[in-house]
Structures are given as structure tokens and as C-alpha cells.
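Structures given as C-alpha cells follow.
Two complexes follow with chain A in common, the first pairing it with chain B and the second with chain C.
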Partner chain A sequence: MAFLEISGVTKLFGQGAGAAVDDFSLSIERGEFISFLGPSGCGKTTTLRVVAGFEQPTSGSVHINGVDVSSVAANRRNIGMVFQSYALFPNMTVAENVGFGLRVAAQPATVVQARVAEMLELIRLPDYGRRYPHQLSGGQQQRVALARALAVQPQLLLLDEPLSALDAKIRVELRAEIRRIQQELKLTTIYVTHDQEEALSLSDRIVVMNVGRIEQVGTPFEIYNYPRTAFTASFVGHLNLLPVQVTDAATGACMFEGTPLASSQAAPANQNGTARLAIRPEELVLSGAGGNRLTGRVLSVNFLGNVVRLRVRVGAVELSVDLFNERKLVLPAVDAQVELSFPAHACWLME
Partner chain B sequence: MSEIAGSRFTGAQPRAAVALASMWTYLGVLPFFAFIIAFLIFPATNLFAGAFQDAKGHFTLVNIQELFSPYILKAYRTSLEVSLITSVSGGVLGFFVAYAITMGAAPRWVRNMLLTFSGLAANFGGVPLAFAFIATMGRTGFVTAILKSICYTAADASKVCPLDPYEAGFNLYGTVGLAVTYTYFQFPLMVLVITPAIEGLKREWREAAENLGATPWQYWRHIGFPVLLPSILGAMLLLFGSAFGAYATAQALTGGSILLVTIVIGQQIRGDVLGNTNLGYALALGMVVVMAVCIAFYTLLERRSSRWLKR
Partner chain C sequence: MSQSRFNPWTWLWITIGTLYFFVPLYGTFDFSLRMKRGQISFLAYEKVFADPKFLQSFRYSATMGVITVIVSIMLFVPTTYWIHLKLPRLRPVVELLTLLPFIIPVIVLVFGLIRTFSRPPFRMTQTEFTTDILITAGYVILSMPFMFRAVDVGMRAIDVRTLTEAAQSLGAGWLRILLSVILPNLRVAILSGSLITFATVVGELILADFLVRPALGPYMVVVGGGKAYEPAALGILSFGLTWICLGIIQLVSRGDVRLQPIGR
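Now for the complex of A and B:
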């Protein structure tokens, strides 16, 4: 049995409402960093709250380290949690916040003090112990919240959109911090987010969720490059979709507005000849040699720094094309005719 | 460019026009200030001056001296007692009711009904309230009558009515009755004032505490209660003030037989031969001093209990 075993968890809020979480099963190994990724309302937070013990599942069970905790109260599960709103106790100093879990467990003052100092060192705020939460920036508050959750040496760390309330720069900084601390402590972690970039950059494995169900579980590489469902493909990363006629379902050959295209996989079954050909913007190259070719007209050129995003009209559809920026790059003009090409292994057919 | 042009334009504006414009701004609050001057500042100064004058208008300290006579000291003690008891009883009761309707699982309509009732009851004081209590809990009130009628015959053939409130020592027209009556408007006032504060407690605080291993009691002791304390203190001070200044309820209920400071003031300023208007002024001044002490005390407590809010 894995370290954390979530089996068949379903959560209904009231009669008649749809399931917030629908038959969710997942095994998480010790020390793994798992992200629950999905749009708001997909059930990721509810699942996390079931693990934390704040919600009782309608059915299903949660095992931690072989012990069924389904009926164990939240305050006895020894799980650390970090909230989106930081949830620091406003009437306590930073040190009191961090030491709270140890104090309610009646640890001697010297132990609490030492542990608090150690935790503040870990989050790199050693001199902030005497401040009150309102005297800290959002990023600092969230780091204190992290230290508070870690101080009790939890067997599991849960983070509920911890960076969503922060601005972009702090978000990236703190993201790296969270990963560093998690690896240092080898702590089993579940991270809930709707931000694909966070999920991709942090996780050992990502659980993509939609309307209460798991869409796909896999490493960031698998999720991004081999999405198994249309939802995963479009939710994680940007995706171009071409409506095509399937000409050979077995090889994945198809036709787009008279142009024959080759794809890597067999077409999905139950199709009456039509499908959508999926291709990532960065797989398209301008006037390359190999594989599939399309001709289009440039609609716009957006310079984003490390990449340049083109919008290109090909027949009835608009495609996004991402070019890596380099100094010798010659950008096409708006309205210019361009030749796009992509290899067969870069694209796949979807329903 | 436009900025420079703009500033030159305002600079060119005549001073008088600017003054007029700012006068327009204050015109709206003029009635308020007129009101404050006529009905707060003027009477207060008058009261202060009157407390140090005799009937002929000469300066004297006799009125102040008289405040320390046993009769008047007793009135202050009774007023303070009733106010303290009802602000605490009403405060505690109100707090738990407010807690129950915000934290409990009661449906929305119960909550709304209770808040509406509180809004009504908190303003239901004075003579009508006194008569309502006389009609229910007075010597011949219907609740008293019902309780009185529950009797049985004891072994020695005597009739025993164990629920008769007046037999048990209750008296609506005494201090206890006054406290009960005051609580009727005190606790809804507490509900109204404290409900928003309880709603301000974030769910995440409770969950974070729980998550860190705290019991509900530990959460309340270390977070919920300390966070609410300034609001509770403020609300109770409000309750204290409203009881301390109440007059009509007590007058109508007891016919002046209970000596509260407000009732003694009433006796002094009524204008009959027994009254001494200037003593009334001194009594009122004494009330102002008591309230000032209370507010100072509250400020001190509030500052200590909300250190975490100060920048």
C-alpha cells in the first residue's frame, strides 16, 4: 500500500446537487510532490479538504501510512495545511503563530522556542519572530504559514492554492522556495492549483481534474506532451486544433481542407470520419522542410521576450505559432504569406 | 503641458470663489453642527456651570459635597449595580445567541428572524416595556398567575404552590425585577452589535488551529476569544451606558421607589419645592464622570487586548 491511499472518495453537497468529487482514487508515495490541477469548481480543493479532515466524504476512504483516517478528527491527523488566505492568527506574533501547534500539544517552552527558531531559519525570516502578521507582506505571511504548518512535523503537507493571492514575481520566488523546502524535508505534499505553470514546474506528478473527476495522472512531461483527453490537452498549455477528415484511421492519416496530413497515432474510435488534429504552438515551424505543410497568412506578431507568438490564418482556422526568440530571428510581417510545417510525431488526433 | 495649464487655471481663480466653494462643501453639515451646539455643547456647559452654583447663581461646592451624602451614594451604587449586572448578563446571553445564529447550523430564516427581533427589542424600552413586564411578571401578571395556580396539597393538608415567584422572593418592582426588565433590551442590543464581529472570524483560522492539533476549546481560548475581546468590551460598555442612562423604564416599573441616579435627578429637576435643580446638575455631572471613567478603562483594556492591530 502506498503512503497515502485515497480510495473511491465521493463527496456530495446536499441532495440533488452533482458530486463535487466523483469516485476519486489515487496512490501517493512517500516524499512525492503531487499537484491537483483544474479549473475552479473541479473538486480539487474539496478532495484536499477530505484528506485534511475538514470534509467527510460521502463514500470512500483515506489511508495514511496504512491507517484508515476516514473517521479521525482533523486535529488528530497530524497533517500540515497552508491556506490561500494565509490564515495566520492575527492576535499572535510570527513566533507565536509558528509555535502554536507545539504549544497546544503542551511541548515545553524551550522545545517550542528552539523549533520556532529553526523554522524561521528555514523560511529565511529569522528576525521576524516578534512581528505581527499585519506587519508582513503577503509573501512573508505565506512563508510564515508554511513554517507554522511544518513546525509540528506533519506526516503530510497540504497546500491549497498558496500562491494565488500573491503577485507574479513573489509567486515564482516562493514556488522555488516551497520546492526547496519540500525536497529538503522529503515531505509528502499535495499542492492544489489552477495554475498550470505552477503544477508543471513543481510536481513529481500532476492530477488533472475536471467536474469532480480525474482526467489524467502523470508526470508534467506526460501531461503536457501526451494528454489523454481533450480537456487535459486544452487546459494544460496552449493547443491548436484543426478540424480534419480522417482518411485512414489505423495510421492516423487525415485531410485538412484538401491538404493531406500525417499524424502519429491511430484516430480515436467511434468517429464518423471527422476528428480534430492537435498540435502545440511550439511544434510549428516557419518554412521548415519535413513532414506536414500548411500555408497561411500572418494576422499578428506578438513579441513576448523569450518567445514570439504569431497568429496565422490557415484556411478557416487561426493557429498560434511560438518561435523561440534569438537575435538573428527574422520576424515575418503582418499579412505575409508563410509556410508552416510540423512533423507527424508532433501532432495527434482527438475527438 | 496640460498639468501646467491646469495649475495656472486654478491659480487664476479668485480667492473668494475658492472660499465660496469650500463653504458649499460645509453647508450640508451645518444642521448637524447647529444641532450639536444647541443640544449637546450648550446644555453640557450649562450643566457643568450649574453644578457649581447655588439657586441664586453664586459659586458653591455644596452640590458636589452633597453627592457624597449616603442617600445619593446609595443611588449611584444601585445604578452601577443594575447597569453592571445587566450589561454582563445581557452581554453574555447576547453573545451566545449571536454565536448560535452565526456559527450554528440554524437555517437562514431563523437567523434573520432573530436579528429582526433584536432590532425591535433593543429599541423597546421605557414605559411600554415596563407595562409589558407588569402585565406578565407583575404581582397579578398572567405568567405569575399561571405559576401561582400550579399547587398541590402537602402531607399536612396545607396548600403548597412551589412555582409562585413572589413566594420564592422574586419582586418585579425591586432590583432583581429591574435587572430582568433591562436584560430584555440589553441582550438584543448585544446580539446586534456583536454579530458582525463574530461573522468577522475567518473560517480558515478555526481550520488552521484544528489542523495544528488544537481542540475547539483551545481555538477559542487562543484565537477566537482574544480576537473578539475588543469588540466584546466595546459592546458591553455600550450596554452599560444604555442601562446607566435609562430612566423611563425604572420610573414606570417601580414608580420611583428604587433610587437610581436618573430617578433622583428626576426628583431634583421636576421643579417642585422639594427639588434642587443645581443638585440635579451635579448628579448629572457625576454620571458624566462615571461614564468617562468607564470609557477610559475601556480604552485601556482595548489597547491591551488589541496590541496586534496597532501599526
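Now for the complex of A and C:
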């Protein structure tokens, strides 16, 4: 049995309402960093709260380290939790906040003091012990919240959109910090987010969720490159979709507005032979050789720094094309005719 | 705020308001100083303080005030906390309930209390002690709108739910959460509720009068019936007491803003 075993968890809020979480099952190994990724209302936070013990599942169970904790109160589960709103105790100093869990556990004062100092060192705020939360920036407050959750040496760390309230720059910084600390402590962690970049950059595995259900579980590489459902494909990263007529379902050959295109996978079963050909913007190249070819007109050119994003009209659809920036790059003009190409292995057919 | 700083109308209304408020007060104060014919003196105040009945009734009312405050805190902090945490939909109902003392006249309340509790099986008006229990219960009800509102506003200023969950995830039980997380962050709210409650109890007349307890309110009525200068002095004194209470609320809440902006 895995370290954390979530089995068939379903959560209904009231009669008649749809399930917030619908038959959620997942095994998490010790030391893994797992992200729950999905739009708001997809059930990711509810699932996290069930693991934390703040919500009782309507059915299903949660096992930690082989012990069924479904009926264990939240304050007896030994789970660290970090909230989007920091939730530091405003009446306590940073040191008192970090030491709170240890004082609750009736640890001797010297132990508390040493552990607090160690934690403040870990989050790189060693001199902030005497300050009050309102004297810190948002990023610093969230670090303290992290230290407070870690001080009691929890067997599991849960983070509920911890970076959503922070500026972009702090977010990236703190993201790296969270990953560093998690790896240092080899702590089993669940991270809830709606930000795909966070999930992709942090996780060992990502759980993509939609309307209470798991869409796909996999490594960031798998989730991005081999999405198994249309939802995963469109939620994680940009995706171009071409409506096509399938000409050979077995090989994945199809036709887009009179142009034959090849794809690598077999087409999903569909009665009238229509499907959508999916292709990531970065897989499209301008006037490359080989593979599939399409001709279109440039609608816009957006220079984003490391990437140049083009919008190109091909027949009835608009495609996004991402070019890696380089100094020799010649940008096409708006309204210019361009030829796009992509290899068969870069695209796949979806319903 | 700064745009209308020099608006003469503002000053006119402020002046009218101030006169309306202070002229009678000054009149009473001035009158209370003229007990000795032809000269200003504090004789009326000396007489008030010299009357053992005044000190007795003041002590009684102050004691009842403190007891009422303690009972109210013990009743309303956990109740309001629970409503915020678990039953937010019940909040409007409770808010309406706490407003009842404003709607139901005190005289109705006191007759209800007497009719219900002076009969068997309660017979609570037979001894002083049980009557005091009854009167405290009445005071708690009278101060309910102030206490509930103060605590309610204080709870809304902090994220009760998330703070509770954070404390829970760190292993804390309910009592611990209430005492070391919720209460300290409600200090100012509880203090202002307490002082208003205290002032209400000290100035209360009807409950004490009908339950025949030696409180300040009935004493003032008795004194007012037979004398001229002492009631004016008493009026100024009780006014001063209320002002001191309000002043402490102001002082503490302002000091707290500087220290901890979330504790409001």
C-alpha cells in the first residue's frame, strides 16, 4: 500500500447538488510532490480538505501510512497545511506562530526555541522572529506559514493555492523555495493550484481534475505531451484544434479543407468520421520541410521575448504558432502568406 | 474628507449640534454647583458621596455590571464563534433575536420574569441571591444587542474559519483555539462590548426597581423625587462614568490599530 491512499472519495454538499468530488482514487508514494490542477470548482480544494480532515467524505476513505484516518479529527492527523490567505495568527509574533504547534504538543521551551530558529533559518528569515505578521510582506508571511506548518514535522504537507495572492515575481521565487524545502525534507506534499505553470514546474506527478473527477494523472511531461482527454489537452498549455474528416481511422490519416494530413495515432471512434486534429503551437514551424503542410495568412505577430507568438489564419481556423526567438530570426509581416509545417508525430486526433 | 473642510454649512451644523448637546449638560452642571446660596461649591457632590446608600447602590450596580459582563462574554463569544464557523446561515436569525430587547419594552420583560420565576417551582424572588441571578439574566438580555454586535464585528475582521483550520492542523483542540487564537484577536471587540454592557447595567432602572434590588437607578429616582441639587450632581456623575467607559474604548481601539491592525 502506498504512503497516502485516497480510495473512492466522493463528497456531496447537500441534497440535489452535483458531487464536488466524484469517486477520487489516488496512491501517493512517500516523498512525492503531487499537484492537483484544475479550474475553480473542479473539486481539487475539496479533495485536499478531505485529506486534511476539514471535510468528511460522503463515501470513500483516506489511509496515511496504512492507517485509516477517515474518522480521525483534523487536529490529530499530523498534517501540515498552508493556506492561500497565509492564516498567520495576528496576535502572535513570527516566532510564536512558528512555535505554536510545538507548544500545543507541550514541547519544552528550549526545544521549541531551537526548532523555531531552525525553521526560520530554513525559510531564510532568521532575524524576523520578533516581528508581527502585519509587519511582513505577503511573500514573507507565506514563508512563515510554511515554517509553521513544517515545525511540527508533519507526515504530510498540504498547500492550498499558496502563491495565488502574491505578485508574479515573488510567486516564481517562492515556488523554487517550496520545491527546495520539499526536496530537502523529502516530505510527501500535495499542492493545489489552478496555475499550470506552477504544476508543471513543481510536481513529480500532476492530477488534472475537472468537475469533481480525475481527468489524468501523470508526470508533467506526460500530461503536456500526451494528454489523454480533450480537457487536459486544452487546460494544460495552448492547443490548436483543426476540424478534420478522418480518411483512415487505423493510421490516423485525415483531411482538412482538402489538404491531406497525417497523424501518428489511430483516430477515436466517431460515427460521421469527423475529428479534431490537435497540435501544440511550438510544434508548428514556418516553411519547414517534410511532414504536414498548411498555407495561411499572418494575422498578428506578438514578440514575447524568448518566444514569438503568431496568429495565422488557415482556411476557417486561426492557429497559434510559437517560434523560439533568436537574433537571426526574420519575423513575417502581418498579412503575409506563410507556409506552416509539422511532423505527423507531433499531432494527434481527438473527438 | 478634505474636499469639504471649509464648507461653512458643516460648521453651522456642528455648532448647532454641539450647543444642543452641551447647553443642557452645562446647565445641569452649573446647577449642581449652586447648592450653597450665592457661591460655587461641590457641596451637592459631597452630600451624594456622604450618603451611605449611594455607595451601597453604586457598589451593587458595579458588581452586577461586572458579573453581567463576564456572563455575556462566556455566552456570546463561543456562540458567535460557532455561528461564524459552522452555521453562517443562522447569523441573520441570531442577529434579529439579539435585537429583541430594543423591540420588547423592559417593563414587559420584567413582568415576564416575575410571573414566570416567582411562582413554583422556581420561587426565585424569595431570596436575595436567587433574585440577583434573575436580575443578572435580565441584564444579559438587555445588553445582548451590544455584546453580540461587538463580538460579531470583531469576528468578521479576522478570518475565523481559516485561523481555526490553521490551528487545528497544528494539533490544537477547541478550547486552545478559542483561548489562544480567537480571544486575543477579539480583545478590542470584547472590551468595547463589555464597557457598553457595564454602562447599560449601571444606568438600568426598571429591572432593579421591579425586582426590588438596591441598584443605582432606583436610588437616583428616589433622590430625584425629594431633593434638588443632588440629582443634578448624580446625573453629571453617571454621565461622566459613561464617558469614561466610551473614552477607554476609543483609547484602546486606537492603540490597538497601531500595534495590530487585524485586532480591530
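One rule holds for everything that comes next: the second predicted complex is superposed on the first by the 349 of 351 C-alpha atoms of A that agree within 3 Å, B and C clash if a C-alpha of one lies under 4 Å from a C-alpha of the other, contacts with A are read in each partner's own complex, and residues count from 1 in each chain.
Throughout what follows, contacts are C-beta pairs under 8 Å (C-beta built on N, C-alpha and C of every residue); 3 or more make two chains touch, one makes a residue touch a chain.
Keep in mind the model is a prediction, meaning the values are calculated, not measured.
Enquirer: Label the relationship between chain B and chain C on chain A in the superposed model as either fit or clash.
Expert: clash
Enquirer: Of the partners chain B and chain C, which touch A:Ala74 in the superposed model: first, second, both, neither?
Expert: It touches chain B and chain C both.
Enquirer: Regarding the shared-chain residue A:Lys44, is it in contact with chain B (first), chain C (second), both, or neither?
Expert: Touch partners of A:Lys44: none, neither chain B nor chain C.
Enquirer: Looking at the overlay, does A:Arg171 come into contact with chain B only (first), chain C only (second), both, or neither?
Expert: After superposition on chain A, A:Arg171 lies in contact with neither partner.
Enquirer: Residues of chain A that sit at the chain B interface in one complex and at the chain C interface in the other, please.
Expert: Residues 52, 54, 73-76, 78-81, 83, 85, 87-91, 100-101, 104-105, 132-134, 145, 148-149, 152 of chain A touch both chain B and chain C.
Enquirer: Name, in rising order, each residue of chain B that touches chain A in their complex.
Expert: 202, 204-205, 207-215, 218, 222-223, 226-227, 306-309, 311
Enquirer: What residues on chain A touch chain C, complex-wise?
Expert: These residues of chain A touch chain C: 52-54, 73-81, 83, 85, 87-91, 100-101, 104-105, 132-134, 145, 148-149, 152, 158.
Enquirer: Can you list the residues on chain A that touch chain B in the complex?
Expert: 52, 54, 73-76, 78-81, 83, 85, 87-93, 100-101, 104-105, 132-135, 145, 148-149, 152
Enquirer: Could you list, by residue number, the parts of chain C that touch chain A in their complex?
Expert: Residue list for chain C touching chain A: 158-159, 162-163, 165-173, 176, 181, 184-185, 259-263.
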